[in-house]
Amino acid sequence: MNPRERIARRVARIFKDGDVVNLGIGLPTSVANYVPDEVHIVLHSENGFTRVGPAPEPGQEDPDIVDAGGMPVTILPGGCCFDSATSFAIIRGGHLAATVLGALEVDQEGNLANWMIPGKLVPGMGGAMDLVAGARKVIIAMEHVTKNGDPKIVEKCDLPLTGARKVNLIVTELGFMEVTPDGILLRELAPGVTVEEIQSKTGATLILPDQIGVMTA
Amino acid sequence: MNPRERIARRVARIFKDGDVVNLGIGLPTSVANYVPDEVHIVLHSENGFTRVGPAPEPGQEDPDIVDAGGMPVTILPGGCCFDSATSFAIIRGGHLAATVLGALEVDQEGNLANWMIPGKLVPGMGGAMDLVAGARKVIIAMEHVTKNGDPKIVEKCDLPLTGARKVNLIVTELGFMEVTPDGILLRELAPGVTVEEIQSKTGATLILPDQIGVMTA
Amino acid sequence: MNKVVTMAEALSRIKNGQSVMIGGFLTVGTPQGLVDAIVDSEIGELTLIVNDTAFADRGVGKLIACDKVKKVITSHIGTNKITGKKMHAGEIEVELVPQGSLAEKIRSEGAGLGGFLTPTGVGTAVEENKQVMEFDGKKYILERPMGADIALIKAHKADTSGNLVYRRAARNFNPLMAMAADLVIVEADEIVEAGELDPDEVMTPCVFVDLIVRKESPNESA
Amino acid sequence: MNKVVTMAEALSRIKNGQSVMIGGFLTVGTPQGLVDAIVDSEIGELTLIVNDTAFADRGVGKLIACDKVKKVITSHIGTNKITGKKMHAGEIEVELVPQGSLAEKIRSEGAGLGGFLTPTGVGTAVEENKQVMEFDGKKYILERPMGADIALIKAHKADTSGNLVYRRAARNFNPLMAMAADLVIVEADEIVEAGELDPDEVMTPCVFVDLIVRKESPNESA
């Protein structure tokens, strides 16, 4: 299984039946493919509708129904549309059980940086700052290290923050971690990954519980 | 012509074609009956719709279509419905050309009192404070004196205010007045009314222009 | 997820002493079945958040007439003589809020805001004990958000997942209150299956709604 | 009052150097006919207020690519490489605002509020030079309202008096911007007579709308 699928599959098992969830662009979007059949979540798209469905059959695209990344999607039965103020009222008002986002950096205090690299890449925050501020649970889904092999989980973020002390869970291809008041707790390790390996690729000291679970896919 | 009809008829001639207008309960509501045929105004009802129409034929009442006083009305073609937040966004956001309200007291600074008499009558402000704060023009339509013959136009309001320095025009059965930075300017007198009479029934000194018009009905 | 329950189930979720927002303007858009069920219940000591207190024998006013309410936050009590009487007798606390500020305070809670600045009430008793801020020579009162334990909502149509449609002037405070309470209970004239409402027709998204009861027809309640 | 005008009439009301809000999310819900008319006009030096700068060759992004814009206030520029290039070259000023705060700032202007308190951006660069207030241990940024000289709106249906209906995700910022500009110009797929829309179907009340142009079909524009 490729790393990104492993991450998406683990995130997909976090949700409870009835949860309203917003998935960020990229890897987080793929989480929707792996939600267990018995768990019915309501996917919220910040550009203005609920119950995001799968991509339509080729030729069946509706130009007015795309996700926040501009990709053609569908609206499932029971979905509805709203303006951007209502969409962000849902986000900011605590009506989302969870949001899943990628990260450039996340640190042991739960700080998140994912919207700009000064002098290099400034795409803008889009809806990310609102999602981080408003969702009841902030889940980071990302590959554990950068393309250069540098840790993305650090003691203290260097990059400009998207939100301060808001991250709850971090899922990478190596493990499943929880941000606690004391630091980052390693709850599960992916099969074949050792504590030494994940720690060596992490910029913050991981807290090790008595029992570390297996991060099944 | 009775005094209230004279007042309503004069107020009705203030509006321009296309004006969006909110009329208060009571005498102000009757203004709608006298708007000239060539002037098309859009009546806003703060309980949530535009293009308030006349009362329906007996037996044709729709229980969901009443004005802000609870009286059965109709919605004219081109009308639409909205929630209370949008309704007051229209009011507060300067989207009303005018509001017409009654008064307990109005003073020469343009202060208005019309929502309570301490220890006696406390109906509440309803939407009046928002209307006074938000409408581009605040028009007071009322009988010139109280039932006891006391002036309602005064130097300084005694009663708790609905809005501070917001009144633009005052129309009574005796005359048509404008609140200016210098005080209340008498622009028109009703037929047969003298300056002496209106001044004697007014608690503030009226400013007299060179030419005082006739307040035709 | 089917959110439709019986009136008894819905009622069992409302507790003594809770704060309850109820939609409606006078009697239009009031979930009268839910109100009447509370009237007939043991529930009391409520803090009511309503646009107005309607009439002593109709609308939310019945709750005040039958002593279910210790405090009411509202914009207007003039149509219900019993509210004024009880207020003057010290039997009920009344907090008056301008209608637009009340609507916006409720929306503000639902939208996760910490409050808003409004010109409404500047220079009046409404600004007492509140922060006033000035920008570009214009003064604003800082109004804080207002939520509740329970919201009782009247919809024209609901689907089983909680999407709502209102009708004409019965919309009023309902969509706002549906955003601002911990538990949102809807009384609907008509309940349809999820998917039967067009996505553009829905006025309150299902994400705000917890429970739905069907309005009883006069026949059923007899 | 019939608000329908020609594209030329609408365009004549937009002046050099004005601030212009344009609805749309990427290209969905963008009034592309109005955007293209500005691209082909002498109008320039605009301050643009948009959710995102779309693409260099589609959506509002064309205005940036063809040098019509001196400043853009937006939440995201990542899809339009030219925006970033011009920003780094100092040819365009970019002000980034969180998407929810941008929506709420525009609504705030339209609703006559002086601003609002939001938790979004607390502890980030967004709070620089802004007032931060704390209530019950939670911090909020005071965001001020944002209006514009002109709003360009895309509707699915309009009636001749200016009531608007949007479709699916093409709603986005359109209803908010329609409240917040001195002059509101709508491009509609379809225009019907006043009275043909059901009062409950309307999403933007006519009171916000000044002018309506009909979207040209590919045939007509050829």
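A, B, C and D are the chain letters, set down in written order, and residue numbers restart from 1 in every chain.
In this text, contacts are C-beta pairs under 8 Å (C-beta built on N, C-alpha and C of every residue); 3 or more make two chains touch, one makes a residue touch a chain.
Everything numeric here is computed off the predicted structure, so don't read it as measured data.
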Following contacts chain by chain, what is the lowest number of steps it takes to reach chain D starting at chain C?
1
Go through B-D and B-C and name the pair with more C-beta contacts between its chains.
B-C
Can you work out the whole-Å distance between the CA centroids of chain A and chain C?
35
Inter-centroid spacing, chain D versus chain A (mean Cα positions, whole Å):
29
In chain B, the residues touching two or more other chains are 49, 75, 81-82, 85, 88, 91-92, 133-134
Out of chain C, which residues touch more than one other chain, so two or more?
104, 107, 111-113, 118-119, 166-168, 171, 199-201
Between the chains shown, work out who touches whom and classify the graph as line, ring, star, complete or other.
other
Per the touch criterion, the pairs are A-C, A-D, B-C, B-D, C-D
Residue ranges of chain D touching chain B (in the complex, touch as defined)
1, 107, 109-113, 159, 161, 163, 179, 194-195, 197, 199-202, 205-208
Within their complex, state which residues of chain D touch chain A.
25-29, 51-52, 74-79, 84, 87, 94, 96, 98-101, 103-104, 106-107, 118-126, 166-176, 203
Of all residues in chain D, those that touch chain C in their complex:
104, 108, 111-119, 133, 135, 138, 140, 144, 165-168, 171, 199-201
Can you list the residues on chain A that touch chain D in the complex?
45-49, 62-66, 68, 70, 75, 81-85, 87-88, 91-92, 111, 122-130, 133-134, 160-165
Chain A residues within the chain C interface of the complex
17-18, 20, 40, 42, 44, 49-50, 75-82, 85-86, 88-95, 133-134
